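Pasting the structures here.
Both of the next two complexes hold chain A, though its partner changes from chain B to chain C.
This part shows the complex of A and B:
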């Protein structure tokens, strides 16, 4: 662009400078005032939303779940930090973080019994029992979200699907495909025998025994040799309900 | 005269209405006017007692009131069967301050009497109830609907075979009255459902609006992320330096909105996490001691949050805060094992020291014969069994031991 002399030239130069600045803005330059302004607008919009619907989120698990889904779709994580606007204005942070603490407690308390693998439904039931005095209802969706947050802390917190059920793992034990298949098989009666595993999954006896012994070693299975037919039964507490195998009262949670 | 429009109501000696067979009282209101705005000849029944029954709307004059008017009206009734439609209350700003009114439309026979429309005459009239007393108008209205929809008079007319009538209530009558009640309850539940749905509808609309704003923020954040990741490679003109958001500000911005920010080498993340980091370094001292120098990150999460009580920290907050330790001079560090387990350990609690102790353990005569278990190691080392297991696994990977 040729610089013209005189006032016209000055004006052109100024215009050119402005153009460059605008161009600069498009090239990943973020102005402080823009950032601040946008943030303030967003915050006030969220404040308004909270004023009207904070209670809806607290009381209505279905609405809460929908809220989370939309946040995920948009690309924000309302549970990422306690310092975020979401936690501060909507107050849902504490709800999930505390839920996380309670879930860890329950998993720890039931570990001697189930080896670190617990049925999601059972976990939710125990949670509700423990939270009887709390005003807010807790859904399975809430548990899943709390657990997904706990994942980053290591220690193996994860939700795995076995057949129709969801199991919550709280130990870093790796479960391979073979183990998963045995667990799925065990869902029918709560236990399996070596024979059954061989027959139903068409495995060699070596493969079946190997997988079962690993599960036993990890504490996920218990042996029952007391049957008249002499066949050893491998029981899996994580796929059978707690109340049927062990008295719930004996569990101090 | 009043009797021309509305059928009269028979009263007992003490002034109570005589009920029809099966008729049951549903509601009683005081200080109610009965009038028809469009019909000038309609007498104005002022300030009487309104009784809603399953069959009729009864209006009784208030005998206690001083009758300044020359005419004292007799008790009259509007048969529910004659009602064609009950109007929904008009909720407007004006209506908030005015006396509540309930309006309904009745069919009128050719000679002007309010009666059940038997098909021939198509004339109708609108009657208004003006509720002057301290009455719950909405509650009355719902009972009115319930009674009208219940159509208790029809089952009576069809000759229900009941037992002998005692005080006007037959077995059949009781049944129909109960049915009217049950259907009313069901409808009330449905109305409650519908009103809940509507309020949630509004919530969803607001949620949508909020999310579109959030989407704008995410797009702005994308630019920020590029800036943060590019480092200081972009040429910045001198004048724009002050205008540009500093990286620190951007990190804090992203934190507020709930968008993940890349922690770059130069910066130490959001101010919040920096503060938290120092706080945690102090907090973990005692639990670490108790646990023998090494503790699960998840255990610290629980301990810290339980100690806090409110304004808990998220798992990600904890992880970020601990990750920042390597930038500061603190005696603790974050460590991740191959299994994925994350622990906090004392810097002085080095691996070499632990391996040395394991080695001495393993080299003992009975250990050489039988080996040591994780719980053995745990007892000797004074740490949790899970931790001991991790150590043994690491030692194994280093070729020191076999299992």
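This part shows the complex of A and C:
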């Protein structure tokens, strides 16, 4: 028998739609619940993990860095605020704020020597020397995190990469490409000569001298006329490890 | 770490540019500051009172990195000490410099302490005795420069703590303490 269109058919169709919708909602709800539950589990697991490995996170820089990575993957930032669960549990916010303050101190104290540009490794060593009494070790990763928190202050703390090295800049000097290339060149021996810059980078004499003079004026370079070949050398304290000892005496606060 | 005898040299002593006078003001200030401290430290530990600018002086060159301070640089560093009262030129040509690693006032205090420690409050001593007698052994006074010692004694005389009187020859001036 041929079904004719009628009110009954429409009602059936509507009822079916409703059923589908209900079912869909149910499925969605179940899924959301499941997700919430999973997230809750995850969070509690993460908390438990953090609680369990509290000491490791505090003391072991490598472990701390991995923990940060894990948090970043799931979109949790333990440093986002000094209040709240993470800070209370780990005191991790305080740790980085303390590092931040010490980093600023070191940058200021070594500025007359290095012109406000310091090798990250160097900074990290100085930081460790300074924190000798504190129990926790500090890694370069920690330094980077603390510096990234300093950006909030707008004081122009920045990490720049020159060649293989990372340098921390604490002065608002803009280094252009030329300056970076010279710093990169200087990493080999700690110094460059005008001649070397011209030859290695195939620059004109004027360009090399100009860039070197700027670096000199900014306090990032020091001249040395004492070599017996009579050629002026431009030394860069920020790429040589000597800066560790110079200025560190004035850091004993 | 490099050493001169038993003196521990600072790291900057091995960094060649510190042997060239820096043209940029901030950098130079830091450089001068480091050299000033080094010169005073060295003179204090080695009991050196006079530096001749044209003479060999262990701090003025570093054979390890083949660098030597120019005359201009030596002059600049000592001039900075002079301007702080920690040194004095001994001639107009700036060829010899008297290093006061203790200021005259501090030397005077040293003498007073020495006198009190040894119960010499009313005694008479010769200047030579203060410098090289057994009583002063182990103190900063032992082997100190005669010019500096006389200056400190005169300061104390001025304050009425002692009287200096002449002997028959130049090297037996006497001191009567009255503290």
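Operating definition for what follows: the second predicted complex is superposed on the first by the 190 of 253 C-alpha atoms of A that agree within 3 Å, B and C clash if a C-alpha of one lies under 4 Å from a C-alpha of the other, contacts with A are read in each partner's own complex, and residues count from 1 in each chain.
Keep this in mind: contacts are C-beta pairs under 8 Å (C-beta built on N, C-alpha and C of every residue); 3 or more make two chains touch, one makes a residue touch a chain.
All values derive from a computational prediction rather than experimental measurement.
Chemist: Would you check which partner chain A:227 touches, where first means chain B only, second means chain C only, and both and neither mean what they say?
Modeler: Once the two structures are laid over each other on A, A:227 reaches chain C alone.
Chemist: Who does A:32 touch here: chain B (first), chain C (second), both, or neither?
Modeler: Only chain B; A:32 stays clear of chain C.
Chemist: As a test of reading the superposition: which chain, chain B or chain C, is in touch with more residues of chain A?
Modeler: B
Chemist: In the overlay, answer first, second, both or neither for which of chain B and chain C A:52 touches.
Modeler: In the superposition, A:52 contacts chain B only.
Chemist: Figure out whether A:235 sits in contact with chain B (first) or chain C (second), or with both, or with neither.
Modeler: second
Chemist: Contact-wise, after the overlay, does A:94 reach chain B, chain C, both or neither (first, second, both, neither)?
Modeler: first
Chemist: Give one of first, second, both or neither to describe whether A:219 is in contact with chain B, with chain C, with both, or with none.
Modeler: second
Chemist: In the overlaid three-chain picture, which partner chain does A:120 touch, first (chain B) or second (chain C), both, or neither?
Modeler: Neither partner.
Chemist: For the complex, which residues does chain C have touching chain A?
Modeler: Answer in residue numbers: 10-12, 14-20, 22-24, 26-27, 29-30, 34, 66-68.
Chemist: Spell out the part of chain A that touches chain B in their complex, as residue ranges.
Modeler: 21, 24, 27-35, 38-39, 41-43, 45-46, 49, 52-53, 56, 60, 63, 66-67, 70-71, 73-87, 93-94, 96-98, 100-101, 104-105, 149-157, 172
Chemist: Per the contact definition, I'd like the list of chain B residues that touch chain A in the complex.
Modeler: 199-200, 202-204, 206-211, 213-218, 220, 223-224, 226-227, 230, 234, 236-237, 240, 243-246, 249-250, 253, 255-260, 270, 272, 296-298, 301-302, 305-306, 310-319, 336-337, 339-343
Chemist: Can you check the complex and tell me which residues of chain A touch chain C?
Modeler: 112-113, 115, 191, 216-217, 219, 222-228, 233, 235, 237, 240, 242, 244-246
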